[in-house]
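We just call them A, B, C and D in the order they show up, numbering each chain from 1.
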């Protein structure tokens, strides 16, 4: 088991009160597994990605445990986490295009980054060049400034840097959203390649775009309003989702690559709830076409099939009925 | 690269053109006749007034059509001739300026460069120390908001008048004749210190605060967050931030030049330091439009040249500009 | 750029600063063009103070450049030079102080306090006929380059000032004066031939035209004479040009000065360093610190310091401390109603409390002027009877009475009088902005005027604007003190009544007052020989009668011959009490009014 | 001196930084207010400015003396009778001070206001219209930007026939706008590309209305801060001009007080009470304005709240 997250609660401290961005999230990623994490904007998926790597104010760890390779990660201790970052857990951030210091040549940046860990750049250079080749970049990029690279190139450089020390877990945060369809595919294939070559042991791919997950993910976790609502093998989630939200989410994907960040899902009426004072019971209830009285209490995440879990009273009823 | 500098240069050129034209126009279309006031100063006899006026109108080139005066003005200007001072007649304006320029440069250059350097250093330190930041911030803002002449007055009052540590005015002692002896150089430095300190302190506050604000933005920038995510040590991140925050400070240097020059002018006035500021004041007091014009053009030209130098420096230190211009960006 | 490189940069910066700082001074270092022409014949021991015992043979034949002036033998002055020295042309008027008087000399000196001409370059001068004035030069005077000073130099000088664009050109008949020709009779005798000589004006020229060397000036063009800087000047006087820079002018003693041999006179200071004035306040600081020996600025507040133990010395040891140098007039634009009405002018004059200006604004540093405005040196020309009969005094009731009698009444009840025609009166009195003592003074005047019902308000436009308005006659009232003291009250009569009126008035009668009769009298005064005292008195009396009846201008107070002396290094300064009655000033045109003789009376303070 | 302004970057990003994953607060305004009240920089700065503003308004009523009136013994140090002492003429320094304060505020408001209006107009039009209009305005801005403001003001003031506080403010306003125009142009540029502006444009709303109705309100905080900086800059510029003797030819101002103090040898005579209050007041007012600006920045820009 590469990553195990148990009842993780991370709140944002704001003057209006605590925004319960992650409110009891549990899941696990197995060695060699690529897990997709999907959901609408504001569902907490990015917070999840962030908090595992870089939990800084106004984020606050309220409860839960994150274990990597059986070791508990001190995610709320910024300095102590440094030991794990890049080696244990690494991230390709959403803002990969602007993640590189604009005034440093790429090679120099890497050299200084490695130097800070006492790793010799020279010794690592052959491997670095290999990796560049792997993502289709010439060796010369090391002598270039970020401005000399295209957006896609920058992102690939970031992927190489983030994985340079062979982390156990790589978190890819919305890395495809800004790309065109063909590039998206190429990047997705690279991610798989990274895993296949065992450069990274396991991977968490955060995206709002379920279709991309279908291409690369082994399993998918769907989040809604700070809580997981459904998880299971990619095949199952994309073709036979059970949770009403997942169904709407998957069904409302008319085309690939459209950004939904700035507007609510067109297919789902209403907005996600505010997380300062979320609705009791099922948080999807206000928007759910099937909501009933029972939904006023919170549905547990229940395994209904081989690795397929759903948190929905209606699904549980149907399962019960089948049995 | 050529396009970038071409554009910059053409803007500077245009600015200079506008400055020269406005400069030429003002005394010709404003009330007050410099020739008349000069003649009034020179003679008491009514019968000599007319011949003198005719003579000096010819001397100052007022006896030709306006368009020709304008062309002549440019012609003379391009040969480095800024006309003749009315106040210090018949001394050429350029000679008056050159006489006072070393004093102003001697104040300005060290004050600008040192305050920039020290201010940036200090601002970066303040940004990483909460206590220092909280203490310095109000002080820093107070410093940038301090009128130069007031600080000059206060320093003069305390350090020269009250405690007699420094001379109150002038560039060197009245009994000394300029030479390269230690006595003289020491005397020169003692006179130089207070005006320099005035400029330095006010400017220092500005740079320190600028750097402090800038570095806070840089520490929040994406590349800093990424480095944090990769577990890079704070030292490295700060180093990057400092360097990147310096770049806008270089641009700031260009923008602040005018202000520091203005500060130098009033500081010189307080300390009676015989630089350009003092000359400007005298030109104003003596209605010496030619000298005033000359000083103005000179300052404009100086600021433009300095701006261009800063542009060049900026291109050298910021790869973004440099590479952007070479079109190597993919 | 790495941090390391930044440090390197900083280090370099430090170095640069030192260099810049140094060059700051060096760049302006005295590079007094080439002074060869004026270097004294070498080997003279010019660096040894007269009273020290240093054996003369210790002075090297090739004296090292002076780096520090010996304070004991150097006179440090300030007060005239308001900008870097830039002009040594005595025919131009705005030359460096001492150009006339220390370097170039005049035929005579004039002593205003004794009303005497002192033969100077001239041994004597007299009218040998009604129209011919003959000057006899002293024998054996040389220029500092060794050439002899002869009648040729005098003739050349007067020919040079014939250029219409020079300020003395009016002496010549063709330019409106009366001089017909100048001829050298022999090496030392010059004859000036006039038609209907203007005696009073000629009396001025005798001591204010600097004689220049013909061998250096003879070929100069009009441009060089009218607008040349005359660098490296060669003169005949007690001092020679040594150096100048942006902040000072340095004169060095002429060891071969003719007056030592001829008159037994020797100037005491080895050098005179005249500092460029930056501001009054800096000068005040320097005077208090004893850095300056003689200062001629108007130093507000100085009266409070005279008895404060700063070693300050003034001509009088009690108020007004200073000798009067010129009169400040309230000039009224007589082309505008109601200033065109003598009664109105009288009323205004009677309303002004001049004592309040003298005491409140100037703290008794000046004195109220005589109703005629004539300076005390011309007291003998004042007809006391006329003054007693017609002179104005501060008397608000009288002022109101005069207004009422002339038909000025407050018809609309706003507290201010209207003209006899019922037109409201609203007047402004202007002085240049920043001339603070005057600004204070006209606040008093306005307040006084308002107290008697004249709606007068102070206004402080920029100087240039004020001059323009004044010169073109577009104003109500201004203050002015353009005329300095001199050898004849004609200077003031001319200032008050000068005709004709030009579109632009630059040299007097700014009030545009037209009185043909008075002007005739003034001109007649000008044509009357100086020794015809009775005629002069009679004319002066007639002129004063008109002036006091008409009051075209209102004299307010005498500005002082501002002079602060410090006795730390030099003593025996001019004073009313002692023997040294010469004028203690460095102002232009005053060296030749005996200030140069002051230098011969100075004594070094004994160094304890 | 008006160039002594903080650089563009001290202004917040107008786009309103998205609070990470936090749902929209109930009301942006109440959030700002909340932070504004809890931001010591803002209210300390505000209090200082307010204090001087009140002094400027109330002060003249506290003194019985005229600005130029000789009311006391000359050159006397501060006392119960004359709070700030007297000048060499015996004028009451406190009276001059409160009147000068008023002039400073007028110059600041008017000069800063004019500069803000010109800067906004140029910035909005250039940023919104783009193309040749932008090009021309940009060149214009650059020209005024590089010209040393004080030198320009000296030239203008020296030739001016009559100078009053208002004329002074106008000229300061007309020369100190460029940096504001530049900054606003950049902001407008990014806003003009946003959807809601596009929408307005498509529906045929006239340019003026789009700028005033859509763009300006979306960067109101930014504009307010710009004005504050221009306000302080104008006060400083006026003080400098007055000090050189190119200030108002009638009336009193803080710069003029310092000018008079220097002219009348306050330094040499040790009359510190004559020149200390005016300069100190300027430094405090302008400093507090800048300080408030930082506070506002933190209020409007959440990223800076916790550092």
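General observations
Note that in this section contacts are C-beta pairs under 8 Å (C-beta built on N, C-alpha and C of every residue); 3 or more make two chains touch, one makes a residue touch a chain.
Small disclaimer: the values here were computed from a predicted structure and weren't measured.
In summary, the chains found to touch both chain A and chain D are B. Of the two chain pairs examined here, A-B and B-D, the one linked by more C-beta pairs in contact is B-D. Ranked by how close its C-alpha mean sits to the mean of all protein C-alpha atoms, the top chain is B. Note: centroid distance chain A to chain C, computed from Cα atoms, is 90 Å. Separating the CA-averaged centres of chain A and chain B is a span of 54 Å.
The geometric centre of chain B is 22 Å away from that of chain D, both derived from CA atoms.
Centre-to-centre, using mean CA coordinates, chain C is 47 Å away from chain D.
Looking at chain D, residues 158, 161, 245, 262, 267-268 sit in touch with two or more other chains.
Touching of two or more other chains is recorded for residues 31-32, 168, 243, 285, 287 of chain B.
Among the residues of chain A, none is in touch with two or more other chains. Taken together, the chain B residues at the contact with chain A in this complex read 221-223, 225-233, 235-236, 240, 243-244, 247, 318-320, 323-324, 328-330. Residue ranges of chain D in contact with chain B, taken from their complex: 1-4, 6-7, 9-10, 41, 139, 142-143, 145-152, 154-156, 158-159, 161, 179, 232, 236, 239-240, 243-246, 255, 258, 261-262, 267-268, 270, 272, 275-276, 278-280, 282-291, 294, 303-304, 307. Those residues of chain C that touch chain D in the shared complex are 279-282, 284-285, 288, 299-301, 304, 360-361, 363, 433-434, 436, 440, 443, 459-462, 465. Interface residues of chain B, counted against chain C in their complex, comprise 31-33, 36-37, 39-49, 51-52, 54-56, 59, 85, 87-91, 96, 99-103, 105-107, 109-110, 113-114, 117, 168-172, 174-181, 183-185, 188-189, 192, 239, 243, 272, 274, 278, 282, 285-287, 317. Listed in rising order, the residues of chain B touching chain D in the complex are 11-12, 14-15, 18-19, 22-23, 26-27, 30-32, 137-138, 141-151, 153-154, 156-157, 161, 168, 206, 209-210, 213-214, 216-217, 219-220, 248, 251-252, 255-259, 261-263, 265-266, 269-270, 280-281, 284-285, 287, 289, 292-293, 295-296, 299-300, 303-304, 307.
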